[in-house]
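In the two assemblies presented below, chain A is common to both, partnered first by chain B and then by chain C.
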Partner chain A sequence: MDDHSPGIFERLATRTEGIFDLVLPRRAAALARKEARHIVRDPYTLGMNLLLPLMMLLLFGFAISFEPKDLAVAVLDQDHSQASAKVVEAVQGSGFFKIQASHGDPEKDVESERVKATLVIPAGFQKSVGRGEDPQIQVMLDGSDNAAASVVEGYLGGVVNSAWSRLQVERGQPAPLEPLEFKTRYLFNPEQDGHWFIVPGLLVIILGLLCVLMTALTVAKEWEQGSMELLLSTPIRPMDIILGKVAPYVGLGLFDVAIVYVAARVVFHVPFEGSHLLFMLGSFLFLLVALSQGLLISVGTRNQQVAFQLSMMLAMLPTMLLSGFIFPIESMPLFFRIFTAVLPPRWFMTIVRGLFLKGSGLGQLAVPFTVLALMAVLLTGLAIRNFKTDVEP
Partner chain B sequence: MSPRQRAEPKAGWAVDVRHLTVRFGDFTAVDDVSFQVAKGEIFGFLGANGAGKTTTIRVLCGLLLPSSGEIHVGGEGYHDDNSGLKSHSGYMSQKFTLYNDLTVAQNLEFTAALRDVPVKELEARKERLFKLVGFDRDEDTLVGALPGGMKQQVSLAAALLHNPQIVFLDEPTAGVSPDSRARFWAVIRDLAKAGQTVFVTTHYMDEAEECGRIALMRDGKLVALDSPAGLKKHAFPYGLVELELSGEPKEGWDKAFSQLPGVESLKPHGRRWHLEPSTARAWGQLKARLPRGLKAHVIAPSLEDVFLKIVEPAKPKGAAHG
Partner chain C sequence: MNFRVLWAFAKKELGQTLRDPRMRTMLFLAPVIQLTLFGLALHNETRNIQLAVYAPPSDTLSWEIAHRAEGGGWFHLVTPASRDPFMALQAGQADAALVAPPGGLTMWVKRGHGDEQLLVDGTNTVRAAGIQSYLDSIRLAVIKERVLPPGTEQPPRIRLVERVLYNPTLESKNFMVPGVLVMLLLMGSLTITSTSISREKEGGTFETLMASPISPATILLGKSLPFMAVGFVSMHIALFAAVFLFDVPFRGTFVDLWIASIAFLLCSVSLGVLVSTQAKNQQQAMMGTFLFMYPAQMLSGITYPLDNMPKWLYTLTYLNPLRYFAILVRNILLKGGSPELFWPNVGGLLILGVCLMGLAWSRFKPTMN
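And then the complex of A and B:
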């Protein structure tokens, strides 16, 4: 009953744990091997490292989209003409919108939350087109959903504008002079596929969260269980403890890197233009930085719950909001733009997007690589120096 | 404690503590404590919870910095890094500190690596220690699946894996069965016979009787240090008399009796009373004045009596029973 039979992860770990003896001093290697055994026997740790990346990929990859698709829009056609029908057809044919019948009151349509916007084509539209005047078309937008509103405004405006130009041309009149027409060519993401932008960024988010959390928790756990006391009663040095704690989680982190990489390439068809070697190096540096951050948190607390909350606060917010994942750093206020320089995720984000989409080389990525390398050295050093080896309460 | 012991050279002691004080903020956990432990001695550490026993042991194991004073363990003092001090001692803490999700073998392999036990010797040492501590299960059993007594056996084996000169055991038998306790103490005696020094704290008086010498701590201070026999003799120089009901004595007899000259103290002891005469002849005179309904016999004081007298907060004379 109490005989222990190893599971699949455990056998995998047993096969690979010999590597710790090759790269680490004996005490650190022993600690790393022990830690690896904890990881493979703890369904919670394993689950978090498997499920969190998958969940994030599903959530950001499929559910959250930055381009309109089948957005509900009501049309109130008060003109009932050929011209107005053409406009409606253009809106419908664009693929961005799903047309709903208006209830007659454009404001009520939006208010009822059935649609994001109502397009009102006033009576006399066809006539004014025929006279070559600037016809008026009104759009009522749901301002309470700012992000959706601006997307709808932009796309709907574009669709209606081009429909109107076509109408003019059909009537043998010169196409109207639009104030300025952009001919946009998207470099590095010609299809404007949101996934290309989001999925590589997810790697930063996932590693940034998990790694900080993992090491913060593992040290706090040893204090809570009392095993830290046993550990510290042996002649082990802080350097060994830090190395031994970090090494197995580097392995686990690289596993997460692989998950996201495969998902990005196979499921979301994101291209990878850069060097895989640089990708590995960048991931490794960022892992070291994030894991050391976790260890530094664990210097401050010996309680798993506090460690969890601190990690969430210190890792989650900056990683999600200030890394350039969603909000571009260039459009932040000056203070935040400067502030992001001390946040490791921001630099790894540049590396990851550069490698996936732009095919940047070490030359272009010299700054983020240097910053991450310096941070890795600094934070690991700080963690070793500040690691408390006495049990004073 | 005695002048003879102080004169010995430092290196001769397994543990040498001089004027050790440990403060946590305003709280003084250990207050100017000095003692020496000889090699091969079983040294008992007794005291109420919070008396400073564990704190002292933690300092000796290199886990806490002393606020002042000097300590030497196996001849090694305190340095920036306590690896010298730590390498001579084995430690079994009060809390169970092995990893429940690892097997016995994996736990010992881990400790062996931290303690620099040569890989080649590990198997032989494990076999010897398993025999010594009486562990007879499969070493591939998860530690979490073992019963409490066996966990203690494995903990002890882990503490002994590097052949330490001194082993510190902090309440090693708390919460295990009487049977396991007896076996555990047989191991401790074997260790001492083999020349290893055993430094042990306990709450069990029968275990304390097994120690060569006992240090009693109260509120961070060392209040007595002697062999069990010496402690008893010192604490009760004129012996101890046990009083037992044989009829129905008058209400308040104990208060009146304890006021008599020749009574040092009279304390309830379960359903009986323990009377301490104040001089060698006192009991001879008191015997005749024993109230009706009571039986008396002279007994040998136990360590529990010593503990109650020395470690429990002293009560003013005459107010022993209320």
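And then the complex of A and C:
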């Protein structure tokens, strides 16, 4: 890398690396400086650390949405009447559905995956309206995407029946007054903005993934290339190696916390109701846990390929799937609900969402904080002990 | 090309990868863990809702709603420590609270009209929508059976007669498990291909390979075929587990599945080679793989719906091999493989695969000279 001219990140790193001297012992600081330069010089590592958080924010912020919109629905109108036209118009006007012409066979429409559902308005629909009967509409749903199917099911019922009430009013019949109504209020996210739900959770995903993976890989690499033995033959102590290796990633982790926080507040207008002090404490605890996990993986494997696969399994899967990020823990069977208690991201998720949206205080977050603190103590202790016994002759 | 050399080379690659017991465990553990998670643990339905009721004991209607909710199986009634429904939801002691109007709902409805306050924890927007719609359907049933005096004609309503195809009970595992198969095939083929080539580079053995009389094409095939096989095998392990343990239907034919898989493997292995030509060492290869895999998975429709994406991004997903393969696997498993869907998607994969292969080859060849 001698032909390398320092880029913006490298210059930034050389400016700021003095901070290691302030917080670390001399030898550890030197190692941390070296590690920091490795990070900024390698386009992949840098890309991973900067690009991944941005990519996730972009994807989850702008691309992935859980609100139903433009669900494709085919309509087969066999009645060709005013009443059936009104129903179709209401479905179209609701904003949830995108109407496509049916190709004639409702089952084929669904099978070809052009649409999520086909509505069949049978001949005689208008007549049965005129007679004051309960007219029928048949709906053929594609169950292979179960989430979309139940959304279509729920919205169609509402849309069709409000069209119906309007039709009745136009015919001079009084709109039936509902004798019992629900006034629904959504607490903590009154507008039900999907970004409020997703973006704070991304902090858990990004930290949980990057910190584990990067530490695991960087230490495993030293082992695999034999440079760990070289390091050990120098007067540097094992504790210095740990501090020096981990310190730059603490910095990067805190940087990621800042990115997500600013993006959430400024770009996505997510409120922050809780205490910032608690937020920093929680992030720091989780960072320690994640870095210790990475260290433990690297000590256990000493091989980058295995360390990568293991990090995916121990960090990526639980943070993405079992932390309550998208799939609610409450919906899991009892065994898994109990099992998630040993996963740090699950607790940090509660803390983050509580602080951003609910304005929870320390009293309400006592359990997650205690568990996370215990995990931090336990895992850092374990990682340091294992690393030391591993490197000592 | 010498097939004997290719065979020996591929055998060596396979042996080298499978020799590491941890790697072995990982390759066979990954399908099991992912399947268990998706088959048993992860549901995108709303379940186990903690419902708190704030109503006087004499308010029969409010309690009727609550007990019906509990009887339906999705709700558990809880009595939070807090007298204030807002505090109960904030502390996570309840997911939703029914708050009766002063004097009780029953009294108000008798006079003609009653409003029940429904407070829902909106933190998880998907869950909140689910809670609201469950309770609303219970409300309609309660009106019909308890509020309207018997014998009175209900105002006519349009009845939706529903028929759910392919997955009548709307179980999420039938949607998720095909996605897991796709991910398994990708992980096996892409990650291991790219890291195994870059490991040779990192260890300096790549030069030795170049100096040997083996042709570049043989090296490329020898490096990729074994990992295609690994991905293929782990996908089948997962498939059998999915069908026999988790009752996921397999309505299509193996021939269809194999054609689709081979077309997909063409893409994923070429991508693995492409990444490895760009990477100097294993770490770079892994991160490159990851930086591709992560968004590709999110933009494939495996877990998140494609239809909601902005137009430009939706157009971009046509370049994503995972998208075609996810549609194919789901279609073959659940719908038996409809020809009007099968060939266009296989065609898409083949076109992408040939392009990627050409690109990979043009990048790979110069590294050999």
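Throughout what follows, the second predicted complex is superposed on the first by the 362 of 393 C-alpha atoms of A that agree within 3 Å, B and C clash if a C-alpha of one lies under 4 Å from a C-alpha of the other, contacts with A are read in each partner's own complex, and residues count from 1 in each chain.
Methods note: a contact is a pair of C-beta atoms (placed from the backbone, for glycine too) under 8 Å apart; a residue touches a chain by one contact, two chains touch by 3 or more.
Only a predicted model underlies this, so the values are computations on that prediction, with no experimental measurement involved.
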(request) Examine A:157 and indicate which partner it touches, taking first as chain B and second as chain C; both and neither are also allowed. (result) second
(request) Applying the touch criterion given at the start, work out whether A:72 contacts chain B, chain C, both or neither, answering first, second, both or neither. (result) second
(request) With the two complexes superposed on chain A, say which partner A:37 touches: chain B (first), chain C (second), both, or neither. (result) first
(message) In the overlaid three-chain picture, which partner chain does A:227 touch, first (chain B) or second (chain C), both, or neither?
(response) first
(message) Which partner chains sit in contact with A:27 here, chain B, chain C, both or neither? Use first/second/both/neither.
(response) first
(message) Between chain B and chain C, whom does A:15 touch in the aligned arrangement: first, second, both, or neither?
(response) neither
(request) Report, in rising order, the residues of chain A that make contact with chain B in one complex and with chain C in the other. (result) 42, 225
(message) Considering only the defined contacts, which chain A positions touch chain B in the complex?
(response) 1-4, 26-27, 29-31, 33-34, 37-38, 41-42, 225-227, 229-237, 390-393
(message) Could you list, by residue number, the parts of chain C that touch chain A in their complex?
(response) 20, 22-23, 26, 29-30, 33-34, 37, 40-50, 61, 86, 89-92, 95, 105, 109, 112-129, 132-133, 135-136, 139, 142-143, 147-148, 155-168, 170-172, 174-175, 187, 191-192, 195, 199, 202, 279, 282-284, 286-288, 290-291, 294-295, 298-299, 303-305, 307-310, 313, 327, 330-331, 334-335, 338, 340-341
(message) Quick check: in the complex, which residue numbers of chain B touch chain A?
(response) 24, 58, 61-65, 81-83, 86-87, 89, 91, 93, 95-99, 101-103, 106, 109-111, 113-116, 138, 140-142, 145-146, 158
(message) Per the contact definition, I'd like the list of chain A residues that touch chain C in the complex.
(response) 42, 44-45, 47-48, 51-52, 55, 59, 62-72, 87, 107, 110-113, 129, 132-150, 153-154, 156-157, 160-161, 163-164, 168, 176-190, 192-194, 196-197, 213, 217-218, 221, 225, 301, 303-306, 308-310, 312-313, 317, 321-322, 324, 326-328, 330-333, 336, 350, 353-354, 357-360, 364
